[in-house]
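Below, subunit A partners subunit B and then partners subunit C, in two separate complexes.
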Partner chain A sequence: MLRVENVSVQYSAFKALHGVSIKVEQGQIVSIVGANGAGKSTLINTVSGLLRPTEGSITLDGVELTTMSAHDIVRHGVVQVPEGRKLFPDMTVHENLLVGGSHKRARAGRDEALTQVYDLFPKLLEREKQSARTLSGGEQQMLAIGRAMMSQPTILMMDEPSLGLAPIVVQSIFSVIQELRNRGLTVLLVEQNIRHSLQISDYAYVLETGTVALEGTGAAVLADEHTKAAYIGSPTGAETH
Partner chain B sequence: MKQMKQYREFLVPLVVFALAAFLPLFLKTYYMHIAILILIWAYLATSWNILGGYAGQHSLGHGLYMGIGAYASTYLALEFGLTPWVGIFVGMAFAAIAGWFVGYAAFRYGLKGAYFALVTIALTEAAVYVVSNWKAMGGAAGLEVKYLGTDPFMMQFDSKLPYFYIILFMTLLAVLTAQWLNRRRFGYRLIAVRENEEAAEAMGVNTLGTKINANVLSAVMTAAGGTFFAQYFTYVGPRVVFGEVVSVQILLFAIIGGLGTVWGPLVGAVILVPVAEIARAELGTQFQGAHLLLYGGVLVFTMLFMPNGIVGLAKSIRARFGKTPDDTMSVSASEGGAS
Partner chain C sequence: MTFSLPVILQAVASGLMIGGVFALISIGLTLIWGVMKIINFAHGEFLMIGLYLAYFLVTKFGIDPYLTILITTPVLFFVGIGIFQVSIKPILKHPPMNQIMLTLGISLILQNLALVLFKADVLSVRTRYTGINYHFGGVVVTLTELIAFFGSILATLALYYILKTTDIGRWIRAAAQNPTAATLQGVDVRFTYLLAFGIGSACLGVAASLLLPFYYVSPTVGLFLGLIAFVVVVLGGMGNFLGAFVGGLIIGLTESLGAAIMPGSLSRVLTFGIFILFLLFRPQGILSRRQA
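The block that comes next holds the complex of A and B.
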């Protein structure tokens, strides 16, 4: 359903992506893995419309996204959970969620979406009236996911959802991702926690300095010698933020 | 049930303003004048606060819209005998157009923070010079509202009482608008833009449209204040209603009272206007501009010691002694918000 074809992105003098192509099919979890600076976030932000590609095309079910404004892309069903969560810290949990569901298409089903989010994250319901800044790191991540779900997306893109979280919380975030897929969402996951994300992925791409170095099913990429040597075996494969 | 709650949030402003309506029973003429001044500035600051406080776009050029409102109604009254009751809406319409253009021009090209502030100062300063050299608008001398004695049809009164009720009503409407924004989608969008514009856009908020709409709403409300200002002082001059002095004064009360709060601008004006007026009356002859010095001092003090203004301070005090979130959850928000 989502096709990124031959996309290049340039930041003034620096070329962050060189002709990257990826495919995401309905109901899959697709991972983009790679080291810091490989271009993973650039890719997600380009699909989101926050960055513009210098060449290539991005389509969702045949509809071109590269000419749309970022908020229109959300309306078409592609939304991201940004790196570092980027919540609205002084707004309450409930208000953060409402902003996520503020575009026209989402308004109709807003109450339903809200019920779904609270059903998935009962903690958020408990803290409904607290400001986002008072939440723990894991709860903030749940709120960021919930806020994105409020726009009733077909594709949820997650940028480093496990970043800066305790291992036990990371575990629960990954099971949430699987739960979302089971509920029919398609997930595009960007992670530095490579082993974990490959384990739950249907398909995966390894990005290296702005190009796709390797692709295959999650299991195949996980088993690949190069991946093992470059990311999994070494301590530098761990989070280095 | 939900319906009830919606009414309740408007109840507080309605009660406060209903009580304020009895003030004239206790106030002598001079104090009536101060009460009117308080309300004028509270009204203008509340209007500014929608753009500056809620959406976080600090316009230093709201004199532009105030001037448009003041000049439009005054000119139409002088030239065509049009009642300011209609002129006020003409001024608001012009301000809407100006607000749209300024908003589009500035926000379309991503002007933010200090750059947006600078552009708005430049525009209102430019307006001063345009109007100063525009003969039909009275040039540098400005326009005087023709004295007609008490003529309700022309929004003119010999007594202060009717002015008091007009501006009280206008301020009530402004406060209700702010209260309404506080709980409505458009208000959430404004705050989302203020708190993290890129995240708001990524969540599907049309940030450009939201900011332009905020500028238009704020401009329209400010223009209505301009018309009232002209009728009350029976004079408009380029420096009096346009220009950076009024522009800065408009936002002063909002900042001191509490940015982005419903009551901040009113509280700021209630506290500061009387003090400034007394300073002007007592020291004005030997020490011109004493009140401006005072504004400066209070502004610096506010920025240093209570950056969220008086209302913000009151809120955090209440939060401290009220319910506290559980300790394990008090993770710094820099993780979630600031990046």
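The block that comes next holds the complex of A and C.
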């Protein structure tokens, strides 16, 4: 489905990604994990078209996304829930959702999509007329996910959806991600909450200084000695971020 | 100096009427700033184009001054779009100083072009609406001012409705609040900039047709009205739609009261005094919300 092949990205003198290749198959949750600065967000933003690779290619079901403009990539069904939510703070919850569903392909099914989002996040329906800036962190994350759902994605990319949220909210965000997958959505997940994201992943990639250091099923990566030592701590120890 | 009550009341009435038009002009400017963070110093000159256009439509073709709105509005929309495509778009990501120099340059070119084409004469029209006055107690209001006031309010409400309830309006607001996030919703941000610049300029087409029957046209008419628009936009808070509306009314009142109670050559002191006080003590504008 989504193919990232041998992609390199450079910020002026700094090479953020070196020849990264990943595959995401239909209906999977695929995780990209790694430390801060490993290139996880760079990878997602490159798929979204916000950054341009210096080499390599990105395709969705054979359609070339590498040189497509960022807004066209969204219209093709590759949609991102950005790190830090990036809501429209002075617009209401309802308006935020409408913007998400306002490109041509999404507009036809907008009412059903809205019903689905409110069904998944009843809190958002309660707060429908409030401006996004008045929501709690967890509600803002739900709105960001809901807004992305409105554009009826074929693949949803989430950049650190659990960042800065209380543990109980993190729990519910992760169950939402699984629920979305159960509804047939494909999810590419970038997380620093490594243990948790690997547990729900069908497949995972570990990024280190801009290259894929390890890949495998979520369980295999979780069981890997190197991953444990570098990111998760002692096998029975507390979770780290 | 006169402080008699009838004079003050008259000044308040006239000030509110012209203030409505100031509001419409300023909303165009604040919309453009709010969306793409560019101060269009040629805003007043766009209005001048509208005024000349309306003037010639009325005098050469005998069109009713208020019907010219149907022509001036779309023409100004496309003037805005044309100037955006040719000159603004290439410098969207450049330093603010370059953008200021560019729009300032456009304003000088347009002013001097008008001087070459139309000479420095101050022109005005007499229409069948001229000379019709209404008396409210001791206050006299001309029909043309009344129409300008209510026309401006209507145009403002229409624009507000578009921004609030249509997809295009939501795209424009979304792009203003977070361009990257808007892009990630599939919004073509450059296109919304183009639209916002066109709509902001189209406001001036409406304003020009409403102003012409009781105002004047000259190559430098935009200098004063453009300056007023900047004062209003700062007063209302840069990019704040509602602020620009309230600010327009306030500056209309200030201008008119200043002219009534201050000796002639000092009449502008009030307006620019307020401007300076706001810059010093309340740079975020009259409505304290952050930039919308």
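Couple of notes before you dig in:
Here, the second predicted complex is superposed on the first by the 233 of 241 C-alpha atoms of A that agree within 3 Å, B and C clash if a C-alpha of one lies under 4 Å from a C-alpha of the other, contacts with A are read in each partner's own complex, and residues count from 1 in each chain.
The rule we apply is simple: a residue touches a chain if its C-beta (ideal position, glycine included) is under 8 Å from a C-beta of that chain, and two chains touch if they have at least 3 such contacts.
From a predicted model like this one, the values you see are computed outputs, not experimental measurements.
With the two structures aligned on subunit A, subunit B clashes with subunit C.
By the touch criterion defined above, A:Ser151 lies against subunit B and subunit C together after alignment on the C-alpha atoms of chain A. Shared-chain residue A:Val74: touches subunit B and subunit C both.
With both structures placed on the common chain, the touch criterion links A:Lys86 to subunit B and to subunit C.
In the superposition on chain A, no contact is made by A:Leu65 with either subunit B or subunit C.
Of the two partner chains placed by the overlay, neither subunit B nor subunit C lies in contact with A:Ala204. Between subunit B and subunit C, B contacts the larger number of subunit A residues. Touch criterion met: A:Glu95 reaches subunit B and subunit C at once. Legend: residue contacts after superposition of the two complexes on their common chain; A:Val20 is shown touching neither subunit B nor subunit C.
Taken together, the two complexes place residues 48, 50, 69-71, 74-75, 79-80, 82, 86-91, 95, 98-100, 102-103, 106-107, 147, 151 of subunit A in contact with subunit B and also with subunit C. Within the complex, the subunit A residues that touch subunit C are 48, 50, 69-72, 74-75, 79-80, 82, 86-91, 95, 98-100, 102-103, 106-107, 147, 151. Note for the complex: subunit C touches subunit A at residues 167, 170-171, 173-174, 177-178, 180-189, 289, 292. By the touch rule above, subunit B contacts subunit A in their complex via residues 185, 188-189, 191-192, 195-196, 198-208, 325, 328-333, 335-339. Looking at the complex, you find that subunit A touches subunit B at residues 48, 50, 69-71, 74-75, 79-80, 82-91, 95, 98-100, 102-103, 106-107, 127, 130, 132-137, 139-140, 143-144, 147-148, 151, 164.
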